[in-house]
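A, B and C are the chain letters, set down in written order, and residue numbers restart from 1 in every chain.
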Amino acid sequence: MKKQILSAVLVTAMAASLGACGSSSSSSSTAASGSTVTTTESTSSGAAKADVANEDEHTLSVEAWDANFNIPALEAAAADYKKNVDPDFNLNIIQESQSSDIEDQITLAASSGDYSQLPDIVLFQDHYFHKYVTDYPDAWSDAINSSSIDWSDFGQEKLSYSQYNDEHWGVPVDNGTCIAAYRTDLLQEAGYTIDDLKGCSWDKFDEIGKAVYAKTGKYLLCMDGDGNDLPYIMLQAEGVSQFKDGKANFVDNDTMVQVINMIVKLQKDNVLYLANDWSDYTNQAIQGDMVAGVINGNWIIPTIEQVTANSGKWEITTLPTLKGGDGYASNGGSSLYITSNCKKTDLAVDFLSKTFGAGSTETYDAALKNGGVITCSTKAGKSDVYQQGVAYFNNQPIYAQIVEMGTHVKVVEQSDYHYDARTQVAAAIQNIINGADTKSALQDAQDQVDFTMGG
Amino acid sequence: MSHTSHPKSSRLVRKQNAAGWGFLMPATILIFIMSFYPMVQAFIMSLKTGSSANMKWAQPVLFNYMRMMKDKLFIRSVGNTFLYLIIQVPIMLVLAILLAQILNNRNLKLKGFFRTCVFLPCATSLVSYALIFKSLFATQGLINSVLMKLHIISSNINWLGQTGTARFVLIIALIWRWTGYNMVFYLAGLQNIDYSVYEAAQIDGASPWKTFWHITVPLLRPVIVMTFVMSINGTLQLFDESVNLTKGGPANTTITMSHYIYNNSFGQGTANFGYASAMSFVVFIMVAILAAINMKVGDTRD
Amino acid sequence: MTNETAVVKKKKNKSHIQRRLIPSYIFLIFWSFISVFPFYWMISAATNKSLDVAQGKLIIGTYLAQNMKALLAAQPLARAMGNSFLYSTVQTLLCLFVCSLAGFGFEIYHDKGKDILFSILLLAMMIPGVATMIPLFKMASKFHMLNTVWGFILPSISTPFMIMMFRQNSRNFPRDILEAARLDGLNEFQIFYRMYIPCMKATYAAAAVITFMNAWNAYLWPKVVMTDNRAETMPMLIANLGGGYTVDYGMLMLGVLFCSVPTMIIFFVLQRQFAEGITGAVK
C-alpha cells in the first residue's frame, strides 16, 4: 500500500514536471498557469516580467504595491485614459507586496546593468527617490519634465520629492498629508471636544490625554514605535528638519530635543501607546480599539474605518504644535516615475499627464472611492465627490479638508538618508524610554547616521 | 571501505574511475558556478565602494573591513547572533535528543502519532510560522490573555516591543520550528544502535540517566556533531525569523548578522554592496571556523 | 538478549513498564500540544473575522466562506499554487537526480581525490545566502533566466547537504550487487539507474521531503529572481497579503493554511520512508 502511494506520487510528480519542462521551453514559466493572467500579453513571448519589448503600442506596464490602495488608483487612471483618449489602451499592473520590492528591483537592475526587466512606470516612495536618482541615474527617464502638466496645481512640499536637478521626474499620485483623528465620544466622556485639540499645544494635548486615559482607559495617541513616524511628523509641523546642510542634526537641534522629550513624556503619562511594529499598530492598537486618537498620513483612514462599530464617532482636525497653533505635516506618499526601459515614452507621458497629472476628476474620484487614495491636486480636490460628507467621520467633508490642509505643509530639508535618520531617532526614543539619557541617546543616533552616510 | 578480491584489468578500473568522476561532475560544476564563483565575486566586491551601479576600488583596499570594526550595529548583530546560538542551540538539541530517546522506547504506544506531531512544525514555511508567532505574542494576543487568566501577569506584556522579551520570543520560535527536525536525525541515529544494548543496561540496573549518558550520547556522537554543525550554520545565517518576526526591532536590538547584511544591500534604500559583501565574507569565515572546531572536537575523542 | 526473554519480560512487566513511561507520555503530550497548537490556531484564525483574530479568538468561527471569497478576489491563488507546485516539483526531481548521482559517485568510486573534492564542496554549505544573491542575480539576468523555472531552481539543484545524505546512505548499498551487475555486463550508469535507484527508495523519499519543503517554502531568492506577477509563488502571495496599510488577518491565515497544507501532505505520505532514509544517512 505504502509503495503504491509512493509510486503514485512519483508518477504524478514526473508527469507534472514533464508537462512543465515541455512547456517551459516554448513559453516559459507562465505556461503552468497562464490562463489566469488577466492582462493581455502575447503568449508566444519569453519569460520577461514586464516584457516591455514585446508589448503592443497601446500597452504600458506599471509596477506598484498595495492592492487596497494604490492599485485601485492605477486601475482608475487606466479606465479614464481608455475611455477618454485611447480605446485600445491597456495598463499591465504588476503587483508587489511592499514598496521595498520596487526599490530592490531598481537596485538589482542597476547593479547588474540590465534594465530590460524594468516596467515602463514604477510607483516609488517619495522619500527614496532622490537617493535612487543619485545612485542610479541610468534607471530613470526625465521625459515627464517636458510634458504639459500644470505643476502649480500640486503642493510644493509634495513636488519637492520628485524634483531633482530642477527637473520634474515624477507625477504625484497620493497625498501624504497628516491628519489628527479623534474619537469625539471618548473626548466628551473626559469633558473635552475636538475643538480643544485643534491646533492645541502638545502640553495641552498631554493634559487632555491624561484625562481621557483616566476616564476611558484609552490612549489619545498611538504610533508604531519601530518605524517611528511621530517624531518626523511633529518636527515637520514645526517646520524643522532632522538634517542641516546635508548632515544629521539631532543633538544640537532644540526642536528635536523638545519633541523627543515630549514623546517620552506622553508615553510615560499613558497618553501615547507605542506599538512594537506596523501590524501591532494597525491591528492591535487601532482596530483593537485601544485608542481615542490617531495621527498619521491620511492613508491610515481605511484602517480606522475597518472598525464599523465606531462609525460616526471619529472626526479629524489639524495637528498640535509645541507652542500651539495649527500644525501641518505630510508623511509617506509616492509618485509615478518613468523608467529608462520605457520605449513608449510619448504614451507614458501622455497617460500620466492626462490622468494623474491633469487632476482628472474621473481618475481621482474613482481612486478615492475604490482605494481611498486622496489627491494632492487642488483641481481634483474640488470635485463633488470630495465635497461630500463622510458618514464615518460624522459627515465631515474630510477629503476636501485634507487636500486643503496639504497646501499648508512646509518644505523642510530632505536627505537621501531620510529613513536612516528616522530609524535611528526611533531607536533613540526606545532607549530613552528604557532609561538612557536623552543627550547621549541622540548623540549615538546621530553618530550612527553619520556612520551610514560615511560608507 | 570494502575492496573486492577480483583481479581487475587496469583498463576496467580506469574506466570505472572515470565513470565515478563523471557521476559527481554535474553536482560539482553546479556548486562551483552557483556558490563558489558568486562567493569570489562577492569577495572582489567587498574591496570596492560606491553606488552599486558604479563601484570603484576602495581606498584603502580594506576600507570596508576596517569600517566594520567601527560599526556598532554590526558588532551588536554579531553579539545577537551568538546569543541566539549559545542559548537556543543547546536547548534545542537537548530537547531533541530527549524526545528521540523517549520515542525510541519499544514499549511506547502511539509512537507514530507522537513522532508526526513533533515533526509537524518543520512543514510550515518560515514566512507562515513567523506570522503565526507574531499574532500569538501580540500585545492583545492569545499568550497574554492566557497568562492574564492564570494571574501570572497583571497587565499585558509587550512581547515584541522590548529587547529582552523579543529575543525570548525569537528563541522560542526557533526552538519550536527546529526541535522536531533535529529529533528526526537523533531518532534515526538511535535506530541504528542495537536495541539489545539498552535491554542489557536495563537488566544491569542502570538508571535511565546513566543509560542516556553512557550509552546513547557516545553512540550518537557522529549525529550530534552533524546536527551541531547544521545548527551553528543555520543560526549564524539566521535571517527569516529576524526579518519576519521582529524586523530586527525594537531599535535594532534583535537584529542578526544576515539581516543586517541584507539591510545594507537591499533594505532601507542603502545599496552598499561592497560593505555588505565584506560582512558576509566575515560571516562565512566565522561559520567555517566554528564548524571546523566542532568537527575536530567530535573526532579526536575517539 | 534473545527474543524469547524479551517476550517473557514484556509480559511480566507490561503494566509496570507502562507505569514507568508515564513521565514520557506527559512530556510527549506536552510537546505535541505545543507543536500542534499553532496549527489549530491558524485554522481557527482562517475561519474568523480579522478583528476577532487580532483579539485572540480561539474558537472555530463561521467566517471561512467570506475569507475564502476575499482571498480569491484579492489574489490569484490558483496561479501561485500552480507555480509553487511546478517549481518545487522540478527542483525536487532534478536535485534528487544530480545529488544522488554525486553521492553514488563519491561513495562507490571512493578515492583520495574525491574525498578532497567532497570536503571542498562541503564548504559551500557555509556560504551565507545573502552573500551570493547579487552575483547570482547578475548571472540569472545575463542568461535570461529571470522569471523562469530555471532561475528559480538552478542555485538549489546541487546542495552539499543532499550530496552528503546520499553519500552516507550509499554505504548501505550492497557491494555484491555491484559486482554481480558488472559481471552481467551492465555499464556504470546502468548500475546506477537499474540497481541503485530502486535500492535507495527510502533515501530518495527522505531527500524528496526535505527538498520539496525547502523549495516550497523558499522566499528570499524567489522574490529576487521572480519579478513578474505571473511567476509568483505561495510564500510571495502570503507576503503580499501581509503587506499594505491594512491587513485582513482572517484572509491572511487562510492563505497561510493553503501554503502549509501541501508540505504537510507530502510529509504524511512519505513519513515512513523519510524516517528510514534519514536513518541510513546518519549511520
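Heads up, the rule we're going with is that contacts are C-beta pairs under 8 Å (C-beta built on N, C-alpha and C of every residue); 3 or more make two chains touch, one makes a residue touch a chain.
Given the structure is predicted, the values throughout are model-derived calculations rather than measurements.
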item: Top-ranked pair of chains - ranking by C-beta pairs in contact; value: B-C
item: Greatest separation from chain B - chain, by CA centre; value: A
item: Centre-of-Cα separation between chain C and chain B, whole angstrom; value: 16
item: Chain A and chain C: spacing of chain centres that average the CA atoms, whole Å; value: 37
item: Residue numbers of chain A (touch at least two other chains); value: 104, 111, 279, 283-284, 288
item: Touching two or more other chains - residues of chain C; value: 54-55, 134, 239, 242, 249
item: Multi-partner residues of chain B (each touching 2 or more other chains); value: 52, 138, 140-141, 265, 273
item: Residues of chain B that touch chain C when the two form their complex; value: 1-2, 4, 6, 15-17, 19-24, 26-28, 30-31, 33-39, 41-42, 45, 52, 95, 98-99, 102-103, 105, 107-109, 112-129, 131-133, 135-136, 138, 140-142, 144-145, 176, 179-180, 184-185, 187-189, 191-192, 196, 199-200, 203, 222-223, 226, 230, 233, 236-237, 239-240, 258, 261-262, 265, 273, 276-277, 280-281, 283-284, 287-288, 291
item: Chain C-touching residues of chain A, taken from the complex the two chains share; value: 2, 5-6, 9, 13-14, 16-17, 20-21, 24, 28-30, 32-34, 36-37, 46-50, 65-69, 94-98, 101, 104-105, 108-109, 111-112, 114, 116-117, 279, 282-284, 287-288, 299-300, 302-303, 306-307
item: Residues on chain A engaged by chain B in the complex (per definition of touch); value: 100, 103-104, 107, 110-111, 113, 128, 131-132, 134-136, 138-139, 225-226, 274-277, 279-280, 283-284, 288, 290, 416, 418-420, 423, 426-428, 430-431, 434, 444, 447-448, 451-452, 454-455
item: Sites on chain C touched by chain B in the complex; value: 1, 6, 10, 17-18, 21, 24-25, 27-28, 31-32, 34-36, 38-39, 41-42, 45, 53-56, 58, 98-99, 101-102, 104-106, 108-111, 114, 117, 121, 123-136, 139, 154-155, 157-161, 163, 175, 179, 187-189, 192, 213, 216-217, 219-220, 234-235, 238-239, 242, 249, 252-253, 256, 259-260, 263-264, 267-268, 271, 274-275, 278-283
item: Contacting residues of chain B [partner chain A, same complex]; value: 49, 51-53, 67, 70-73, 134, 138-141, 158-163, 166, 246-247, 249-252, 265-273, 275
